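Labels for the chains are A, B, C and D, by order of writing; each one numbers its residues from 1.
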């Protein structure tokens, strides 16, 4: 039964997984429609009943899935305490919680139910087998030191800039405390720029401009790091496949014969 | 007649296509001027008449073009039910619709007429034959799995973040429903940052900052994917042209002779 | 005299050019300080006189420079009707214009004087001789077809999206005419996101989200194009320098001897 | 003692440095919590005392560290007048300054204390030994001419665009002086887009759109420059390691034996 339903190496297992992901997707769409309609129109009692019925249906389905998984897994503990075990449990709870404590705010329950989108990741998990992702992943792994250094540096720049602006602009201009100032620096350096907090004084605008220009200059660096590592990874793959006869490399990934001596190349 | 006017392999066909694109461009410019002047100044009756005359002229021209295409095409059905057939038909209709149902709102008709910009794509279609686009296209095709995975993952992150913020900030702070929250997440992760909906509470700003930093970190990934695949594609082109005499590759695309033995290279 | 002052191949010519650029820089800084102080503090008559004297000084300097250039150039017409001839003439005029027509608005004169920043480009012109720029320029030239196609496509997407939003949101929500809608689309697709005009209805937000996601997806393409062409250009340079003895390429740009046979390599 | 505590080549030195960095991190977190709580809730006297005690503790710790460094350094002057000497001194001062001049604004002291984040850079300094950063650094050094030219050009474009918009929109629309206009141009070209100052007139919006499109087009250039130089740097590293036996290069960085002849490769 485990192999039939949950082993992603079998075809039926992959299909069942896709089905679970599909139901998660449908449940998320239902939550969004309910939330959207609920705030814009006055729904009649019958219309509410439809959404309630849908929600009960999805909760029962997910509960069933959870029980099945716990029963079928060779080691149920391993599943229950895994990432997916927590996610699966957490996303079937909102309705039960609402039954037990009906005084809980409705928007918390909505938010909770929207978390089911994480379940949709199951569909992506099925696609993980595509070999192309390996290159990207290897590039990120190789670049991890550079990326960690870069992002730590940027975080410190944000904290320093936030502190500076708190001193320059201060609470009257919206920089109410250090946390808010750093929130402003995050929004600014990443070029999001909401505009809910902006510098109003001359020196503040000058510091903000300098911070923006620093952010603008460094935005090229992570892209450069990841791209260069990916290109390097492609080059490595190219060099790794050598002709068994003449020992020359640099063959395209779709090449089947050595371009120098014509012998058959090993498969990737 | 089909070869004369619509076959883009003949010179006259390309010219006619360019002429159609040019008229589309002129009609779009006319619509924009009319819309701009109409809201900023009070136009006299004569000035309006000029724009009405222009509009009738363009509609007649496009109608004529449509009839010509239907008549000349070897298989008219194939044209009528093609993408361009729909676009051509849709963009000659606004005036006829306005005649039949004059009570339709004027801004819908303006929006409809602006859709003629799609027709201008015909001019771009003429440039499609440039061989350089092949590399870009091939890179996107090769990278499609990675890109689909990436954008799906980002979409799920947006939905989850939208749900979270709906729970944390809630309707009083502008996150009126789940759809609005996800709209906010889209605007935030992509670094657009309108600022029409922003977090106001401490925890909300913290979650928003984390979401922004995630968005900032991953923005480098699609660029890396496309660039690495394009560089790889260039490398492949380089390797694909081998000297017929000494079988060495890695020649520049503008090289005409082998750099090792001097024999003539095959053309690209 | 021409060779002494304006021929950038001589050392004195480059120094004179740098001096002119430096004065332009100083004049721009003076204009900014004057404009900043003028709006924030009440300047005394004496302080104004200082700025007026500075302005007269710079105008006389630039006039002198202009006369010198016209006199020294082998063919004065060629200078006067060149790009730099126009810029030089235009940026000495504001004070003379203010003398002739004192009723002209002061902010137009300020804006005019700020244009002197273009003169600072002269300093950059001196740096143009750096050979490294050649690679970037060659990459942009090679990529021009792809870039033109890409930006034309994006412009048409902006016009179509602007038209759509004008129909969906309409004048009451800030989309006052088609031009404003396209301005909104430009601000949105490029991820600037001012937030002065934003969608307020559900369908408007949905279309805006899709437009934002399209903009987010395509932003990687121009970077990919330029980077891949630059990498290709570096590879070409690498391959172009062959060892005169063993005809092997792929030497680093700083290598002076062939890594295979040790013979001296030709200079770049 | 110097070798024991501050020589980063010894293990104990690196540990002490990490400890100092950790305390700096803790002190920054304490400042943020104090600032956040102070503005949102009314703290009791006891709670304030806790933060005051923490602050005194950190100040004493940092003072001790500073004295230790001055005493242990072989040449104390070299430390005191180095970058880190200034930072270390500056970040222990706020409490002493507050004791001497209690009338100083509390938000200046908060801002000052937040500057301790710079001390956290010490932790990053420990990671500097990672060899991978060398590639990035070398790429930036090689690309410096191109980057300087690019950013100078962008700055001049910003000044010119700011001047133009000051003339077109003027003080009534928020462009109060030339400095503010350039601040707007910086915010716009870098795609931050706060929206605190936006064009309101038709021509202003047109110029803004053109400026935005210029900014959008050139954002790809620095990324392209850095990426191409990094890829080039990787290629160089690849080529630099030649097999001592057959003199062939292009080995992967993790390869230990020549792929052509099987001899051991020199270490990186």
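The criterion applied here is as follows: a residue touches a chain if its C-beta (ideal position, glycine included) is under 8 Å from a C-beta of that chain, and two chains touch if they have at least 3 such contacts.
Each chain and its UniProt protein: A, B, C, D = KQT family voltage-gated potassium channel protein.
Worth saying up front: this structure is predicted, and the values here are computed from it rather than measured.
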Report summary line: When each of A-C, A-D or B-D is compared with C-D, the one sharing over half of the residue-numbered contact pairs turns out to be A-D
Query raised in the report: Over half shared or under half: which fits the residue numbers at the contact of copies chain A and chain C, same or different?
Result: same
Query - Contact-richer chain pair (by C-beta pairs counted) among B-D and B-C - result: B-C
Report summary line: At the largest C-alpha centroid distance from chain D we find chain B
Requested in this report: Report, in degrees rounded to the nearest 5, the angle of the rotation taking chain A onto chain B when the C-alpha atoms are fitted.
Outcome: 90
Query - Distance from the mean Cα position of chain C to that of chain B, given in whole angstrom - result: 27
Report task. Calculate how many whole Å lie between the centre of chain B and the centre of chain D, each centre taken as the average of the chain's C-alpha atoms. Result -> 38
**Report entry** Overlap residues in chain B, where contacts from two or more other chains coincide
**Finding:** 36, 40, 179, 182, 191-195, 202, 223, 225, 227, 231, 235
Requested in this report: Enumerate the contact residues on chain C facing chain D in the complex.
Outcome: 28, 31-32, 35-36, 38-40, 105, 107-108, 110-115, 117-118, 120-121, 123-124, 127, 130, 132-133, 135-136, 139, 147, 151, 179-180, 182-183, 186-187, 190-196, 222-223, 225-227, 229-231, 233-235, 238, 250-252, 259-260
Report task. Give every residue of chain B touching chain D within the complex, in rising order. Result -> 36, 40, 191-195, 202, 223, 227, 231
Report task. Would you tell me which residues of chain A are touching chain D in their complex? Result -> 142-143, 145-146, 148-149, 152-153, 156, 159-160, 162-164, 166-168, 170-171, 176-179, 182, 188, 191-195, 198, 202, 205-206, 208-209, 212-213, 215-217, 219-221, 223-225, 227-228, 231-232, 235-236, 239-240, 242, 247, 249
